[in-house]
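Here's the structure we're looking at; comments come further down.
Order as written gives the chain letters A, B, C and D; numbering starts at 1 within each chain.
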Amino acid sequence: MTLTRKSEYRLRRRVQFYEADPAGIVHFSWFFRYMEEAEHALWRDAGLSIAPQDAEIAFPRVSTSFEYHQPLRFEDEFDVHIRIVAMSQKSIRYSCVVSRGDTKIATGALTIVCVRARAGEPMKAVRIPETVTSRLEVATDWTLRPEA
Amino acid sequence: MTLTRKSEYRLRRRVQFYEADPAGIVHFSWFFRYMEEAEHALWRDAGLSIAPQDAEIAFPRVSTSFEYHQPLRFEDEFDVHIRIVAMSQKSIRYSCVVSRGDTKIATGALTIVCVRARAGEPMKAVRIPETVTSRLEVATDWTLRPEA
Amino acid sequence: MTLTRKSEYRLRRRVQFYEADPAGIVHFSWFFRYMEEAEHALWRDAGLSIAPQDAEIAFPRVSTSFEYHQPLRFEDEFDVHIRIVAMSQKSIRYSCVVSRGDTKIATGALTIVCVRARAGEPMKAVRIPETVTSRLEVATDWTLRPEA
Amino acid sequence: MTLTRKSEYRLRRRVQFYEADPAGIVHFSWFFRYMEEAEHALWRDAGLSIAPQDAEIAFPRVSTSFEYHQPLRFEDEFDVHIRIVAMSQKSIRYSCVVSRGDTKIATGALTIVCVRARAGEPMKAVRIPETVTSRLEVATDWTLRPEA
């Protein structure tokens, strides 16, 4: 049996009250959490956990960004669409679009790196294990999509 | 040389934008974080860390509560006054008053227990180490204070 | 047509990475947000929003508590079961049980009050509107449930 | 009397327990909140509030990013140094360096825009009021600084 490699995930989510600020809109810091929720759901969908208990490796974030086009408000339903846009031996890069229906809300990017994480030692970049690379792949057609 | 045992701490804090919700007031969940900030500052003031790296024990929270009297808003300055009101062999109980100037904002309570925390094993309550009990003590006069 | 009044809601949820702390377990402050998520889902299930835009009333929290029995960890699936246990003219009280499968994780309580919320005026408790009271009711049998 | 315009602010901060994740390091989403804390402190230092109650304008974020060089851990003390690097009629751009002692932890960027914020109307970009522009200015020498 061959498992299909996963390259993208679409998460449906609703804005919680504590995520919105006194301006009545979702605080900009939350979009990074939304993007990470979708990333972890993508890994689970591929049969993986990004942080199993007692793992010897970890995947810290090395760079991330968001551009905000429209606000989200309390109880809005929205989608977080994350795709793998690049993979190297030690890192993975994602692109992310947050939308509410046909309205594009925000676009994000995220790069993570695989490190050896031993207590008391500095983090050191290492190769992503084959158990991970065999389940994930770049979304080859992602640039062709309307929302990209 | 004898170190003074610590029994209380007063933390001065300002409301951050992301702590307030669409109603324009600090979200009620934040008061538990304010109380914990003051607790950890009390421990540091006593020469302790509540969670040193690679510690074999931990102090999970077993019960907590807050009553809210007045709201806090963005940029308000306020005080978080935490006091130890009981200590047993394995647990510590705190009382906490949040105030803005002379206005009492909220009153909280928190009980923590000392556990052995080994990876992969269930938590088990153990005696609080003497290194900790020798630095902390119950605030004996706390019931006499005006804000109690 | 008669709408059924709602008295409880069971929310299925998964622990997100950012909700767990360096001890590897969900930070205790998150349970208050879980409880509120379930409360707002209960209101939506009853055809209501607890905070419609430009509302003249609001429902601030006046007291809340949690007792913690077992920890939750990253990626755990769990249920948040909230029930209305008392309603007065101006306030509503909830009870809440968080569980993972058959394991009781935590039990909480929450009391909210209806206030008139006009910009620049102090909050004043007022009667809960009939549009709300006609949709919600006390879960009369809640004390008989095994997890109560 | 002439008020000095402000162009930068250095905020001293300590990592709170709830800001660190199961990997033992500050969750990457928190750096955006640290940057915003420093931004609001810069405005206060200039005699301004970025979100006065009942304001008719607001300053939503339109783009932001962070690059992470080293992790921060529970109880680490660190500095958040924010500087204005560009101002146009309707927007302000900041650069930010987070450091712990001599160690550069992360570098961020943030662009905000001035909008008219009336309930029920879409946000519309407007000129930054003179009350604000008269108090803030670009940090002209910022590219020359060692940490830039």
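Note that in this section a contact is a pair of C-beta atoms (placed from the backbone, for glycine too) under 8 Å apart; a residue touches a chain by one contact, two chains touch by 3 or more.
Quick caveat: nothing in here was measured; it's all calculated off a predicted structure.
Set against the Cα centre of subunit B, the chain with the most distant centre is A.
By number of C-beta pairs in contact, A-D leads over the other of A-D and A-C. Inter-chain spacing, taken between the CA centroids of subunit A and subunit D, is 24 Å. One simple way to say how far apart two chains are is to compare their mean CA positions; for subunit A and subunit B this gives 34 Å. Mean C-alpha position of subunit A lies 29 Å from that of subunit C. Contact with two or more other chains is made by residues 17-18, 22, 24, 29, 33, 36, 51, 53, 73-74 of subunit D. Across the complex, subunit C is touched by residues 17-18, 20-22, 24, 27, 29, 53-54, 73-74, 119-120 of subunit D.
Here subunit B touches subunit C in the complex through residues 22-23, 25, 28-30, 32-33, 36, 51, 58, 60-68, 71, 117, 123, going by the rule given at the top. Residues 16-18, 24, 33, 36-37, 40, 44, 49-51, 53, 73-75 of subunit C are the ones touching subunit A in the complex.
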